[in-house]
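Listed next: structures, encoded as structure tokens.
The two complexes that follow have subunit A in common; it is paired with subunit B in the first and with subunit C in the second.
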Partner chain A sequence: MISKTFSKETKELLREGRVLISLIIVILLLAVAVFISARQYQNINEQYKVAQQTERANWDNQGAKNPHSAAHYGTYAFKPKYPLSLLDQGVDKYTGTSIFLEAHARNEAQFSAAADQTGLARFGDLTPDFILLFIIPLLIILLGFNTFTKEREMGTLTLLKSQGISSFRWIWGKWLALFTPIFSITFVLFLIAGLVLSNLKDFGVFNWSTLVTMFLVYMVFYAVFINMVLLISAKAKKSGIALVIGLSVWIIACLVAPKMATNFAQARHPYPTAQEFAEAVQMDKEKGLDGHNPWGEEAQQLEREVLAEYGVDSLSQLPFNFDGYIMQKGEEHQAEVYFKHYNHLKTQYGKQTQVYQTLAVMSPFLPTRFLSMSLANTDYGTHWHFNDAAEKYRIAAQKLLNDHFAENSEYGDWDWKADANYWQELPSFEYEPPSLSSTLSKNTSNVVLLGGWLVLSFGMLFLTVKIK
Partner chain B sequence: MFKYNFKYELKQLLRSRWIQLMSALLLLLFGFATYNGLQKVEERNAAITTAQDKARENDKIMVKLLDSLDRELEVSIPSWRHPTNPMVIGNSYPRVAAMPAETFAFVATGQSDMFTHYKKPEVYGFSFIEDFTEMTSPVQLLFGSFDLAFVIVYLLPLLIIAFSYNVLSAERESGSLRLLGAQPIRIETWVLQKLGLRFLWLSVLVILTLLMVFLALGIPPLNKMKAFLGLISMVLAYALFWFALAFLINLWVGRSAKNAMSLLGLWIVFVLLVPSVINQMGSTLYPLPSRALMINEMRGTQADVLKNVDEILDNFLRDHPEYAVNDTTLQRNYWHSFMVAQKVIREELQPVLDNHDQQLRKQQDWVTQFKWLSPAVVTQEALNQMAGTSSQDYENYRQQVLDFSHEWRNHFVPMVYNNTVFSKEDIENLPHFEYQPLKGTFTGALFTVLGLSLFVYLAGILAYQKKSRDIILKTE
Partner chain C sequence: MITTKDLTKTYGGQIALDHLNLNVKAGEIYCLLGANGAGKTTAINLLLGFIEPTSGSAFINQLEVHKNPKATKHFLAYIPENLMLYPSLTAVENLDYFSGIAGKKLSSAALKDVLEESGLQPDAFDKRISTFSKGMRQKVGIAIALAKDAKVLLLDEPTSGLDPQASNEFGIVLQKLKTKGVATLMATHDLFRAKEIGTHVGIMKDGQLKQEFVVEKITLSELEKCYLDTMKYEKESV
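Moving on to the complex of A and B:
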């Protein structure tokens, strides 16, 4: 009986113009979206490669120089794009892509794409994630809003009852009929994306298991939506009403809840402004050692300690250049200050995340959105991960330069220069995005929330809907 | 007939609780959105005030220090931070270049969550390609804010669709259309009157609820009558467009469900698709130079200049003998080379930066050229302009800050080269920043949306004439 209901519903869907038209529109949109994203992905990665090589050449060829001057000259870390950004662009447009790595300061990633576009960028882009997250749920509503109401409206309900079909089989048949077209479109999209990505040269970290996980996330999301639509259709008196309620649910879940969450999150757990942040950092920095200020209190203290430790009575008798040593100690203090302040930001963001997760009760869209971008490595978490990696590299680079200065020059000799080819000893910055397992373990709550939606909506559907 | 229609419609709207539900919804949505907007504006102004207060405190300390140094008293800070050195003033005592919120800033968040509202240009730290973005969680930028503009541009059309998609089809489906057909009124006039009355009631509700919300939240609409009327007329023009669309679809399409789907499809087209397509085409046709490659260029120039800085300084002084004449000490230190290096790098990078700005301007022109394709874009931009939070506003602010930073730097150049000592008398001559907001009008936007509404209405009439009356009256 399941298969009969299924084939009847499928035939009906195929016969109706709206289904074919909507399906064709969605597929066309998807094709355009994939094409645009693929081009962008290749473009950005090519630029990234050039920029990285040129910057490295700048660093390598800076000539004989004092290591600390080189530290001030600094270098840049560029954030690459990851293969699955082809499917979900996430917050990539809003995060900076290059970080200036210099002495004494941890800089924010600069130059987000959105800041370099017109105000229209804020309306959203025609990308696959837009279609996956907004349009396909809408498609589900359009295909399924009258699944049950039509039986009542056309008077076929009485006939059905005489067939002795169980409610469970009846619902299941209809569920499958709705799920199959959605599954097929999404499956084809993911398959194409997988094939495109595995055939691109230098596709780096792409692996099929992440793609499959992402596919599963969307399947769960769509199943939840189908359950909701069927539930509404079963409870509503008329098709028109079912459609309006379905749309309201869509609006609340996909448009209103995320925006509300944003306002609550920022009002309750605000970020400091960029200037406030910089000032707070500056104040803390001044409380400690400054490598450029040997007359400061902390510097004098350090000097006494070092002299006592080595049992000598002047700095020039030390086995290393104290200028380099104090520079490194100052650097360590500053790194700690940054660590503290960035941790505060992370705590604020952690609290904001809880607001988003609380509102996920209202909207299965939210956990899906977060899971999807995490898997695509285009979420805020990956951005933090990249930032932290760049900072770790910066600290290591400063240590290397300061130590070289301390070990090879005499105290007070600021004119001393490192060899022109010394700079090549700095290893280049390599970044690996989080692995699938670590992404999933960081997103347990989102998995649980989405799973909760699935179980609850299935339960509601099968327990409360009866043929009557 | 109009009188009957008016009475009947009012009764129906009250009985079906349309008016009640609509008022409650509008009150709730407008209220929440306005509250959010006000909260953001408050945050923004508070940050600016704090910064200005701090700067004032800092200035007081500077005056004290100058006083003590003048009287040759001992001060607690090392000599390289003494404010008698003009470079210390240029770096450690910057002015706050702020962009205060305009009166109607709460209407639209616009770009205000992305860009900063105050900068403190210094001589030393201000980068060649200074970033003006704000420290906001990108998740917030992605989701956007629940502001009045969102309610108006996204949600209001959906409310209109929900209450007007079946004006004609419901009559047909319930069988009362045939009765109506016997009345001495043309169908399109009847639909027009019905929708017109709904538009009238919606307008009344929008005006009343907005007034109530504004009064309740302490925004005096009467003091800003012109701006308030502007906001109302923009909202109503946009609503009119959606009613015109409902008119067209009601006459053209047919069954309730199909009507709803068509209207919804149009909503997606106008609110979601057209904006993103215009934007994407704009950025494809006029791509912005890669920032990463721009960094490369800046770094290359920087490296070249630093290698030859001594030579550059010599040339510079030869070209500017006035700097050597007034200075008897002829001391040359780090700042002398620094200033000249900065100047050269800036000049060499200028074409790259100009190219960037030009491409952005071309994108903006492209958008302006095609935005009439979607009334949602027109309305959103008009609301942003009203709020002073549009891209153009932030671009204007950015240019003013860049000019100011230039002025600030140049103010110290003669002092540095003449090795002048900074004194208390010089304080009042320091450059001062005052933001000059753009004076935008939205009459263009208003007429665009009204024109589009008229166009859609005429299309509706045409659709009706093509379809014979019998087909419309036919019940299934």
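Moving on to the complex of A and C:
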């Protein structure tokens, strides 16, 4: 009976003009979105490669100079574009693509894609994740809103009931008929994405298991949506009512709930403004050692301690250049200040994320959105991860430069220059995004919530829809 | 095959069916005559298990419908006044689906044989139902009953709105089913058709079965007179 109902529903869907038109529109939109995203992905990665090589060449060829001058000259950490960002661009557009790494300061990522666009960017882009998260659920509603109501309206329900149809098998048949086109469209999209990405050379590490995991996440999301649409169709008296309720659910689940969650999370755990943040950092910096100010109280204290430790009377008697040493100590103090304040931001981000995850009970869209971005490495968490890695690299680079200055020059000799080849000793910035297992472990609550939605919606559908 | 014992249905204080006692055996065609609201459709819906009786019982093949809703449906087929099928599917596809959900697996050739047996023209087999007349749809309904190999056939005004030729063809198919031992209960307004194809006739009024006849023992004019007398009595009583 399941296969008969599946076959009958599929024939009806395919022979109905509105369904075919909807399917064709979605497939065309997906094709355009994938094409645009693939081009963007390739362009950005090519730019990334060129920028990285150019910047490294600039660093390596800066010539003989004082290491602290080189520290101020600085370099860049470029955020790579990850393969699955082809499918879900997440917050990449807004977070910036590169961080300037210099002495004394932890800089924010800059050159975000959104900053390069006009006000039209406010309308958003046609991307695969837009189709996957917004349009396909809408397609499910368009395909399925009258799945049960049409049986009542056409009068076929009476004949079905007299044939002794089983509710369970009937619902399964209809469920599969609705799921199959959605599965097929999404499967083809993911397969094409997988084939394109696995054939691109030199651009990030593509991993089929992550792609399959992302595909499964979307399948669960669509299954939940199908369950909701079928439940509405079974309970509504007319197709028109079912359509209106279905669209209302879509508006609430996909549009209202995420915005409500954002507003609520921001109101509950606000971020400091950029000015407040900068002022707080500056205040804490001033409370500690400044490597550029040897007359400061903390510098004088450090000087006394070092002289006592080495049992010498003057800084020039030290076996290293105190100027480099104090620079490093100042750098360490500033790094601690940044660590403290960025940790506060991360705590706020963590609390906001918790609010989101709590509110995900309102809509299956929220856990799907977070899981998708996380798997694509385009979420805010990955951006933090990249930021931390860049900061770690900056601290290590500063230490390398300051130590080289301290160990190879004499106190007061600011004219001392490191060899022109020395800069090559600084290792390149290599960033590894979170692994699949780490991503899934961080998203346990999202996985559980989405699973909960699946079980609940299936339960509601099969336990409450009965044909008598 | 079809039995009702004091079958009663009330809606609020309104009696729709009042202590109906019927017995339709295999190979019999029992025609229920009566005006609109006489209780004919209520009786059929109770036999189908679509509604629950207020009191009394309905039996299909000796199984009580209310207690065995699934099992009783296994034995019966139903054709309503307006048989609605899936308009975008062909006759063969509709038959395949409806017989399939009743648990029957028929080959494409067997499906066509059944459609032919129901009197549908072969050139209509692969046409979409949306192009079918009511008579053609009723034939597909008969085919669904044939494919199911139903022992009991419940018909609710099946010839209403059919042209005389289609109505006649429908009657011929019912006669064939009668010879196969199918027990048929048909609610109808059509005295002529009831006399022509029925084995038994019952006249209903106000939810009650007022009179019963064995068709071969009564002429059409007598049946007509009895029917009109019952209706006249109804008018006078009003």
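Rule of thumb we're sticking to: the second predicted complex is superposed on the first by the 466 of 468 C-alpha atoms of A that agree within 3 Å, B and C clash if a C-alpha of one lies under 4 Å from a C-alpha of the other, contacts with A are read in each partner's own complex, and residues count from 1 in each chain.
In this text, contacts are C-beta pairs under 8 Å (C-beta built on N, C-alpha and C of every residue); 3 or more make two chains touch, one makes a residue touch a chain.
What you see is a predicted model, and the numbers here were worked out from it, not measured in a lab.
Engineer: Please indicate which partner A:397 is in contact with in the superposed arrangement: first for subunit B, second for subunit C, both, or neither.
Structural biologist: After superposing on A, A:397 lies clear of both subunit B and subunit C.
Engineer: When the two structures are overlaid on chain A, which partner does A:159 contact: first (subunit B), second (subunit C), both, or neither?
Structural biologist: Once the two structures are laid over each other on A, A:159 reaches subunit C alone.
Engineer: Answer with first, second, both or neither: which of subunit B and subunit C does A:293 touch in the superposed model?
Structural biologist: In the superposed model, A:293 contacts subunit B only, not subunit C.
Engineer: Of the partners subunit B and subunit C, which touch A:376 in the superposed model: first, second, both, neither?
Structural biologist: So A:376 meets neither subunit B nor subunit C here.
Engineer: Is the number of subunit A residues in contact higher for subunit B or for subunit C?
Structural biologist: After superposing on chain A, more of subunit A is contacted by B.
Engineer: Could you look at A:245 and tell me whether it touches subunit B, subunit C, both or neither (first, second, both, neither)?
Structural biologist: A:245: touches no partner chain.
Engineer: Does any part of subunit A touch subunit B in one structure and subunit C in the other, and if so which residues?
Structural biologist: none
Engineer: Can you tell me which positions in subunit B touch subunit A when the two form their complex?
Structural biologist: On the subunit B side, the touching residues are 36, 39-40, 43, 47, 50-51, 54, 78, 110-111, 114-120, 131-146, 150, 154-155, 158, 162, 166, 170, 256-258, 260-261, 264, 268, 271-273, 275-280, 282-283, 288, 290-293, 295-296, 299-300, 302-303, 306-307, 356, 360, 363-364, 367, 371, 376-377, 380-381, 384, 390-391.
Engineer: Any idea which subunit A residues touch subunit B in the complex?
Structural biologist: Result: residues 18, 29, 36, 47-48, 50-51, 54-55, 58, 61-63, 73, 76, 78, 90-91, 93-98, 108, 110-112, 114-126, 130, 134-135, 138, 142, 145-146, 239-240, 243-244, 247-248, 251, 255-256, 258-263, 265-267, 270-277, 279, 293, 295, 345, 349, 352, 356, 380, 383 of subunit A touch subunit B.
Engineer: For subunit C, which residues count as touching subunit A in their complex?
Structural biologist: 48-50, 69-70, 73-74, 76-78, 80, 82-89, 93, 96-98, 100-103, 141, 144, 148, 154
Engineer: In the complex formed with subunit C, which residues of subunit A make contact?
Structural biologist: 1, 4-5, 7-8, 11-12, 15-16, 154-156, 158-165, 170, 468
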